[in-house]
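Heads up, the next two complexes both have subunit A, just with different partners, subunit B and then subunit C.
The block that comes next holds the complex of A and B.
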């Protein structure tokens, strides 16, 4: 557990390395305001030349279109360098956003963080 | 000896206190402010010359006579005048102080007169070199060094030397202390004024910038409003109402109507995010969807075309921007509705015959997400009394104070409770219920809705009568 970001206690990001894979544990609401911090965190990792990132979204209760935009932008950036952005443990509301917009087609979505990490090691 | 030293110092410090009060007043004056801002005129400089000259005279008058020499804070006024307001004020004040001191006479009269003139001049030179007030620490050191110079000059110029030496021995402690302390307080006040004025200047320019931005946003909002249909089209057999309420001045939601032969084409859309970025993307998306209108083009092909243009031309892959968009073509004659839905909140359809509400389909991915997406289309026939409600997520994702969403369930209830009303009536009920739900909470996203109500078909009514 390395870094801790606080934004008006609405969203929290904890960054850690699990088996050498960067994992972001996000909790709370990813809305127009908090998505900027998610973007900063993701860009930070991408700028460190990380190719594969996992976001554990088990504790994300809300994802707005601003938040989805940030995820799409990061996904496209990672894919352009043969990387990927893996999502794990989507809650019902968040899952609905992905399936309604069709964004679920572009992200590898896993039931759990462990599964996402395992898929990268295979 | 020590007792005299202390009492001499105290008298000088009392003088300093009076000077400080005067300093406080002048530092808040318009003239001082103008000179500090670099807007020196003859008038404001003259007033400051008189002020600091008076301070110098007061510093002499309050002085303590030691063997005919006067221990004093005479140099303080010209020093400060020079350091804070430049050589004109410094020198002017120094000359006033010098004239007064010279008229007083005594064996140090010449030395002291030269010194007080020098005080204003040197202060002014420092100001010129730094081109601003040099700060508290510098000013205090400068004042202390200057008083030592004062003492040295007294020894050099005043005769008899023995008497001058005795005077200096008596005066050096109290004068360094009093002038140093006076300068400390003066410099603090001036530094405070300088900081205050800088803060004010920054705030003023920030406020000006803000006003310009606000004015620009008003214009932007007007331009964006002009992108919305001026009038809701009147379509025979249909009652239509629409509204959009951006969360900020401009927003990413829009709706559009275009008429083509017997068809009414309509769009409701929501760009990711809100505010200016969303508004720019909204303007682009709206025109692209219009540009993709070609005769005989199917709804599904229309969205495929729009998606391609947005991905190719908007840099959406880099920004991650996308737009969820529902497009439909309604045939006025046979009430046939063909639609394609790019990731937009499924519109609700109230069927009068069964008194039930169904959600329509999503038939493809939000526009701008990825190149080469395929879209499907669906077709249905609207019947008398049916109601079509199109909306954006600003409605279902509106939150109340308890952080609960309005949600699709409440939206369905609102719709179900209003099916007997006109299209505008239904829209009003939905917005009323939304307001009641979110009472007090700030609107966090753009809100847009369109209501279509199918009126009773006069032809069908006639047929019914005939068959009965």
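The block that comes next holds the complex of A and C.
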């Protein structure tokens, strides 16, 4: 049996406002532990009555179902207010999670952050 | 049936139009013809006549034409089914030189038959030896097959020969333009232009060589002076045998067999967009085709053969790998043996054109080797297998004469950068396999452990096993889903015992925990349930987990549940 020290997951969230649209830059692994931070960040923005949110996921290395659930719950809440949650710049593995589970049919997924912002301005 | 990669214009099962097939066949022959230099080298070294050299080239055309067509056969016991032309390659040159000096051409041909028989026997057992040839070994061999051509190609490219020991501007310029034209058409040419890029480059090289006097009228006259039709003299020199020559020829055959393995691995990879691992049946049949080629060589009176890596490089470059091209190249080669006038076009190939063409194809071989090596996760063991093999392989060319003092019997083992690297890679792989356990166990504490722990353990172990990256990643993700589900299975404060078992075909994860099995939904839980973690998190984790695994099931014993997740490798 291997003895290993416990390692905390690493995830960072940076809030930004680009052309009046709230953008979250998320990096690292979104798992059972870190998804709680993501949930807090998203609820915070939704509570500020933000209707449209963009998440730049270029630096997300891993997404577990906990993270997926948080994203879907937030999307559901925004949709009920005629808003939307746009995902941008997904790495192949993260993109696979959406397509594998079928969650891709709920989210607008954009190749880049700029494209996501542009779609909101159209 | 393998999925054809999008970069191929004509895949292995495609049937290009006849004219295209013939032209592509000719293009391959231009590359093969560069190897006609080896019979000349042997004949010069052992003091035979130029007529003997001409006869050797004729027999080389017959024997390699036969084996090239045979290699392309998909049905029957012989032939890999790939476009993988053969030539009288450098693998047999050192052994042939030894035999030629000891007993003349007859001894070379007799021992070539013996080498063919050994290769045939080896082809029948190689299928059971896959674990000795993982991608880091075959990839290194493919890489070194490309590297081995560099010392032949570079002097020709820079105009260096016996009379010009240093760089010569004019041949270099011709070679540079030939390479630029070939590479230019390959990179920017569309459709047919890319398909015939080497042919176009070579025609440009021939014209330039003629215009600049590199290809003299005297040399070109060989085409006019050669007979239009002549029956080749088969088996003219007979055969003799010597037990002393057994080791060098068996070593040459072994080295050639491994080269076949490396080259056919590349063929498999370039023809299958979803390539995962070496398929031994086609390797075994391909090796048998090479063996048949060697026996034919000995009987007809030609040097030993091995597959031509440069031609595989050409296939990658042009995007044409149809086996029909193999039949065409083989058929044309055999015909050329009867038409010396046509064969002369290839015999007079200017040196700078040879250099440029070889360099062009070597680029693709080196990249193919690197891609095969990197198809698996790399750890320190594999780093040493690849790194040391390349370093000691290169030592042959970078320190000339380093192995000159070695016993002549063993010398073929150290006769080229490829032979050295191959032996190093095979031996080091066996050595470093020692102590690798195929089973690994660890524990997860859902109260404190996170995805980082699973990543750290599994990535390290995946590298040690040399497992495929995506399979390890799927296992990591599935284990993480169990961690995500843990709070809803009442596992906080309890331990999950994981055991992971790996072999070349399977990766199995067994997770044992105190608790009950859980339901695996067949559809994704509704989006409207997501706000309530208690209602949706377990179902979503179980559903996501089921998407990563190839198979999963539960068993229970003494209040404990064992979750078995199976991943195909």
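Throughout what follows, the second predicted complex is superposed on the first by the 113 of 122 C-alpha atoms of A that agree within 3 Å, B and C clash if a C-alpha of one lies under 4 Å from a C-alpha of the other, contacts with A are read in each partner's own complex, and residues count from 1 in each chain.
Here, a residue touches a chain if its C-beta (ideal position, glycine included) is under 8 Å from a C-beta of that chain, and two chains touch if they have at least 3 such contacts.
Quick caveat: nothing in here was measured; it's all calculated off a predicted structure.
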Q) Once the shared chain is lined up, is A:73 touching subunit B (first), subunit C (second), both, or neither of them? A) both
Q.
Applying the document's definition of touch, where does A:91 land relative to subunit B and subunit C: first, second, both, or neither?
A. neither
(Q) Quick one: is A:101 in contact with subunit B, with subunit C, with both, or with neither? Answer first, second, both or neither. (A) both
Q. Looking at subunit A, which partner touches more of its residues: subunit C or subunit B?
A. C
Q) Does the superposition put A:64 against subunit B (first), subunit C (second), both, or neither? A) both
Q | subunit B versus subunit C as contact partner of A:119, first or second or both or neither | A | neither
Q | Which of subunit B and subunit C A:32 touches, first, second, both or neither | A | both
Q. Do subunit B and subunit C land on any of the same subunit A residues, and which?
A. 31-32, 62, 64-66, 68-69, 72-73, 75-77, 100-103, 106
Q | Interface residues, subunit B side, partner subunit A - complex | A | 270-275, 317-322, 324, 342-346, 362, 364-366, 369-370, 373, 393, 397, 444-445
(Q) Help me check something: in the complex, which residues belonging to subunit C touch subunit A? (A) 440-443, 445, 448-453, 455-457, 473, 477, 480-481, 483-484, 486-487, 524, 527-528, 530-531, 533, 536-537, 540-541, 543-545, 547-548
Q. Which of the residues in subunit A come into contact with subunit C in the complex?
A. 1-2, 4, 6-10, 29, 31-34, 62, 64-66, 68-69, 72-73, 75-77, 93, 97, 100-103, 106
Q. Once bound in the complex, which stretches of subunit A touch subunit B?
A. 31-32, 62, 64-66, 68-77, 100-103, 105-106
